[in-house]
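Can you keep this structure in mind? I'll have questions shortly.
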Amino acid sequence: MRIEANSNLLFIGDSITDCGRARPVGEANPWNWGEIGNGYVRDVAATIGAAYPERGIRIRNVGSSGNTVRDLAARWKSDVTDLAPDWLSVMIGINDVWRQFDSPLAPERAVPLAEYSETLWSLCHRTRPKLKGLVLITPYVVDANLHDPMRQRMDEYGAAVKEIAEEFEAVFVDSQAAFDLLLEHTHPASIAWDRIHPGPVGHMTLARAFLRSVGAL
Amino acid sequence: MRIEANSNLLFIGDSITDCGRARPVGEANPWNWGEIGNGYVRDVAATIGAAYPERGIRIRNVGSSGNTVRDLAARWKSDVTDLAPDWLSVMIGINDVWRQFDSPLAPERAVPLAEYSETLWSLCHRTRPKLKGLVLITPYVVDANLHDPMRQRMDEYGAAVKEIAEEFEAVFVDSQAAFDLLLEHTHPASIAWDRIHPGPVGHMTLARAFLRSVGAL
Amino acid sequence: MRIEANSNLLFIGDSITDCGRARPVGEANPWNWGEIGNGYVRDVAATIGAAYPERGIRIRNVGSSGNTVRDLAARWKSDVTDLAPDWLSVMIGINDVWRQFDSPLAPERAVPLAEYSETLWSLCHRTRPKLKGLVLITPYVVDANLHDPMRQRMDEYGAAVKEIAEEFEAVFVDSQAAFDLLLEHTHPASIAWDRIHPGPVGHMTLARAFLRSVGAL
Amino acid sequence: MRIEANSNLLFIGDSITDCGRARPVGEANPWNWGEIGNGYVRDVAATIGAAYPERGIRIRNVGSSGNTVRDLAARWKSDVTDLAPDWLSVMIGINDVWRQFDSPLAPERAVPLAEYSETLWSLCHRTRPKLKGLVLITPYVVDANLHDPMRQRMDEYGAAVKEIAEEFEAVFVDSQAAFDLLLEHTHPASIAWDRIHPGPVGHMTLARAFLRSVGAL
Amino acid sequence: MRIEANSNLLFIGDSITDCGRARPVGEANPWNWGEIGNGYVRDVAATIGAAYPERGIRIRNVGSSGNTVRDLAARWKSDVTDLAPDWLSVMIGINDVWRQFDSPLAPERAVPLAEYSETLWSLCHRTRPKLKGLVLITPYVVDANLHDPMRQRMDEYGAAVKEIAEEFEAVFVDSQAAFDLLLEHTHPASIAWDRIHPGPVGHMTLARAFLRSVGAL
Amino acid sequence: MRIEANSNLLFIGDSITDCGRARPVGEANPWNWGEIGNGYVRDVAATIGAAYPERGIRIRNVGSSGNTVRDLAARWKSDVTDLAPDWLSVMIGINDVWRQFDSPLAPERAVPLAEYSETLWSLCHRTRPKLKGLVLITPYVVDANLHDPMRQRMDEYGAAVKEIAEEFEAVFVDSQAAFDLLLEHTHPASIAWDRIHPGPVGHMTLARAFLRSVGAL
Amino acid sequence: MRIEANSNLLFIGDSITDCGRARPVGEANPWNWGEIGNGYVRDVAATIGAAYPERGIRIRNVGSSGNTVRDLAARWKSDVTDLAPDWLSVMIGINDVWRQFDSPLAPERAVPLAEYSETLWSLCHRTRPKLKGLVLITPYVVDANLHDPMRQRMDEYGAAVKEIAEEFEAVFVDSQAAFDLLLEHTHPASIAWDRIHPGPVGHMTLARAFLRSVGAL
Amino acid sequence: MRIEANSNLLFIGDSITDCGRARPVGEANPWNWGEIGNGYVRDVAATIGAAYPERGIRIRNVGSSGNTVRDLAARWKSDVTDLAPDWLSVMIGINDVWRQFDSPLAPERAVPLAEYSETLWSLCHRTRPKLKGLVLITPYVVDANLHDPMRQRMDEYGAAVKEIAEEFEAVFVDSQAAFDLLLEHTHPASIAWDRIHPGPVGHMTLARAFLRSVGAL
């Protein structure tokens, strides 16, 4: 298990990370457990708390629904730098791609690949030196059809994440690969009604991919 | 992993099991993931779905807040027998004991140990033959003080569960022991505001105890 | 335009037909225009009212969200026979198929092809003699990938509808073909967030397919 | 069909245009189809999307309930100029007239004919050069009684719209004439409860008049 | 003033009488003044209470929105006979006529003139002997255009009320005439947004017509 | 009837005047009749509208619940001067007195007699020259017991109003006298649950006192 | 202190007793302290619990807002007899009298003195033998004016309670006398806005009168 | 009874003091009795009002849920100094300690003992000279287990309060001792579900300890 005792782990991302977390910062507490949000961050926090109680790892969530990497950049100071995390996990890119396909007439809502890569690179560059550990998670779409243009585009964004992870010696989590394993046994419709927002099985799949990548599973 | 492919696993219990599950039967589905409830049953279902997707195990929840074993007996036919589970998990007894201490002036709300044991025995006796597997989980209180009278009483109920589990060759889950491990590192106040209803860490602790007992962790 | 003056046209189906129509019967009226529902039935009713005001055609909606053909059979007397339509439009089958893929562990929620065909045939057989006109609309999925198993299954159900339409001299509407035309120019994600429930463009596509089939466009 | 591929078409007006559209700008999108509003703009957008999917025409709605031409002038920069439409459709004047009759004691709420004409002229003058196409729609009242003073006044405002449309080579839509055709077959009470706000038939009547005027029907 | 001290006066009718009165019987009381409803019945009750406090006249309201004379007949026993009024005021017929014009395709919602007259006659015949006084109020439409077909039809129903009033020696209140006086000075749009449901001025107009007819103004 | 045609009449006061009127200014209008509030102002407006439709008198309400004369002074510019009334009606003082008796320990909430008189005098002095007519209404308590200290104090405030009315040639309305007449026939409990806030009979009593004072009854 | 250890004390009455207690039976419990209601019963229960924790006295509340003694008789079996109290406290009569004054035109809502006395006598007669102790509390009105007719009538009802208390050897609590002491120092308006429903000071006054009568203060 | 007539007594603290009091200042008043909050402050105010009506003591509540002594310092000027109390009661420290145990990973939420003592001392030092009387109440936990670390820590904070009380000649209230007496007869679970927030019995216990300390019981 690579996350050190007494570390402070922060998650940032889009609706998959958000899942109803409290504002300005989501963190489970005894008066309102739900403040951590109801998705994979909760599953990670609950598992680490249950399996490594002696480590005292603090976990916080600043995911925000609908965010692209452009939105992350805009709030990076208040939502990442100011919180001074030891470990940071970033999962972004779904909306950057999805808007290209669900809102083709509103191009200002999407983020093209070049801007995506550069922005993510720049955020990592700015913050990596202050971190004990960085985790980068690819975006995904719950669709095993490799001919689908949105799946193809998402894979390109995932490849960009991989490259950046390597450059910054970040822990790399391939969420698309994790979902592809599920899809060998079941249809996308049973995992996520809109092929993006999963239920408990999908979130636990994400959590397990994260936990495995840091040696906690 | 002892639960067979294509099995149908049913959870019954009190508010710890319920956690807002849908009526009449709680089961996660793509239109409303929350119908399984938001507690350890979700964590178990999500983990089995994520780790054993090829098994196709169906998981349903009929926990009901406030229930004692007396309430379970009253709804056993519709909520257990009629659903024809292959595997059944029963976690009951917290309210049977708690009411003795939080409502001492209203004795009709609690269930004494003899009635508790006999009723639970009778339900197991009635249903065990139709099951591939039975899991019995002890009640618990999030209090490490072995001199507390409520903790002492809870332990007596837990001992009764253990005895019944042995008689019926059930999988036995000692939830109190699982919480006691957590309490070696943290105060009860950080696990459960009322020493009963835990947050995500406590529910994951229960889920992990369950999963370990059936060989899924 | 084949629907005669002073005719009474009834729509039955699932959520695509329902779209929030009033209970027990949906019909636009000056105190609450929305009682007809907010989907293709509204578009059909509005177009016929605007283009053929002299015909005085009454349009009512008894679609119900989540329905399969099994549900239609259960409420056929009160919701079709008792309303004595001159023309009847039936669009059913999406849930019959979808449940096979989004709820594979709950097989009782889906309707297999044989039962689907027989039930739909039987409903038509019972009611066709009392009608001036019958319209049968295929189910669809907003997915152009002909290799997707849910798309393949949906096409089989659509083929069954076509066969029954021919036997009963019904007007046949191929909704899947209408959506496939749209998908030549845009990704499914822009038509329907869950590949089933479309927005205004998708509903107008259905309405236009219906109107064209009865000579009203 | 006169609206070119990849055009950006904007609707502005009063409650007939608004119909609950989102703020600050109404545009159908897959997470909330209703953001375009629930009136004739939706019918136009849905028809263009369904009949001309290959053109990729973007349609937005900035109608606001209760507006007069005075209100349009006040928000013209942010709501029209800044959105840089290729095509603009303006339907205004109902409240300018209606307030003269329903609120005779609050004259500041109405807009007299001279101010109405001058303001509308000025807005067209300011914006026409930047547009590929301009559509001007008359105000209307759902009342076929040509002796009614409000109908007579509304016709004067409609005549002013016609004159301005000619001067600016705008597409002219005579909504009053469209409703008058409906009223040959039915009483105003069945079209609009307050003789202004129509149901689906009335909105489709407006949409069809618009679509016919741009060659899309 | 013709209503005797200690009399019990009951109002029945449609939405104009109802105006949100309490169920099952509307009567102002110190814990909820609004239980009498917020229309002309309130104005009558308030005026009689303020001007004739020494008479102790009890006033109750059983108007029901949407009612036709057919609905009145159906609830006459519980809502009139069982309440044993000394004086009874009946105002019905608006919906009987209105539905013919706003819902021409749903003829079952309207009541034709012959049925209207016979039913009203029959109710008066049944109850007049038990009453000290009966008041019959005509239906109305807030439209001074005598050529409008709905106005013409409403006048025929009003004439029927007049005839029945004469036969049963009832106090006759011509509400249409009262509104026609208002319309000499103002447009219908300022009296009632839908030409039926008036604001405070219209309700006070009705109340004054009632009060004048019983000698209380 | 002393209020001239085309006059603009404004009511200011406390909760008795307010009665739920709209903000910032209450005025009945066809989209929301209740904006005038639901008390004596409505009764006055409705009666003037019904009895003098040819005069076109505009009536507005700026009463505010809980106000004392101190609050009136604080908002006099925006709520009176800026609205430029022809006629102004002021009814204030109930809270100035009531707080002395219901909140004896919070003296800052009440207004002593000297401050009350001076403030009211000053407001009249400032505004009277711009008015065609001024109406001053006394405060009241629905209690006929002349020995009650709150009644005695209220009468002193009423006497101050009378004096000011004489000095400024205002129409004087003695609301206490109007209620005393009612109390000859009924107990205070049937007029106002808290001896201050009356029901419809009490509000009509106030309205009739007002109307009589301006010659409109 | 006269109430024995392990006794079961029941309160019945009207809104003064009810104060929002839970249905069917109000009793404070750790999941919802408010179930006992928020009035004098809470103050009594809290004081006994705090001052005599060793006695284990159970306190329940079945007061119901608006009740007269006639309503008590109707629910006596389920709400008193079936709960088998050791001690019973009855406070009734306010509504029996109040309705005579606030609803003089609806005499069926009040209970005349003879019926009041007989009914209360009969209830005591039926239940006294089964009780260890009975407490009878007079009705009251927060009005020190002995000339007020409602006060005079209330005193007559209070005298009837006293007589019955003597006959049945009940503990007698004169609530009117307790309020009269308060009124020597403050105006009724500061005790109860409607002269009936008091705030915390009034409820504590009732509680102290009760506690003193059973020797607990 | 040490609190002088016409004194102004202010309570400040955390949720135990707050209990839903109104903002900005909580004070019972006849329009909303609940504005004082629903806890021990209400019990104190009600008892003083009922037992010492002639003293006219004004009682206000500025407790705020979740507050530590750090929060008190931040709002001391507006919430204490500006209100100019004669007597001040401070009960603080529960959250200062509790956060150390329920949120061990978020140390910024708790207040260590040194900071607690210094801050409380400083507030007393600043304000004591302006007061007639100061009451300091210890924090508590409803747990009789003297070995529990949170109980031990709470006792240390209570000891600090005692020391400061002595230095400033404040009335000292040992709330922990009061609860310990209750716990001799009942389990913590019946007093407070989370061992902190008590029901009516616990609040009355606090109120009685306060009242006894000032000679009012």
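All chains are identified by letter, namely A, B, C, D, E, F, G and H, in their written order; residue positions are counted from 1 within each chain.
By definition in this document, a contact is a pair of C-beta atoms (placed from the backbone, for glycine too) under 8 Å apart; a residue touches a chain by one contact, two chains touch by 3 or more.
For clarity, every value in this text was computed on a predicted model and none was experimentally measured.
In summary, the interface at B-C recurs among the listed pairs A-B, C-E or G-H; the equivalent pair, sharing over half of its contacts by residue number, is C-E. Chain D and chain E have centres, each the mean of its CA atoms, that are 40 Å apart. Our note on geometry: chain E versus chain G, Cα centroid distance of 45 Å, whole angstroms. Averaging C-alpha coordinates per chain places the centre of chain C 64 Å away from that of chain G. The set of chain H residues touching two or more other chains comprises 30, 56, 102-104, 186, 189-190, 193.
The complete set of chain-chain contacts reads A-B, A-C, A-D, A-H, B-C, B-G, B-H, C-D, C-E, D-E, D-F, E-F, E-G, F-G, F-H, G-H. Across the interface of their complex, chain D is touched by residues 28, 30-31, 33, 36, 38, 42-43, 45-47, 49-51, 53-54, 56, 181-182, 184-186, 189-190, 192-193, 199-205, 208 of chain C. Touching chain A in their complex are the following residues of chain H: 102-106.
Those residues of chain A that touch chain C in the shared complex are 98, 101-104, 145, 147-150, 186-187, 189-190, 193-195. Chain B makes touch with chain C in their complex at residues 27, 29-30, 56-58.
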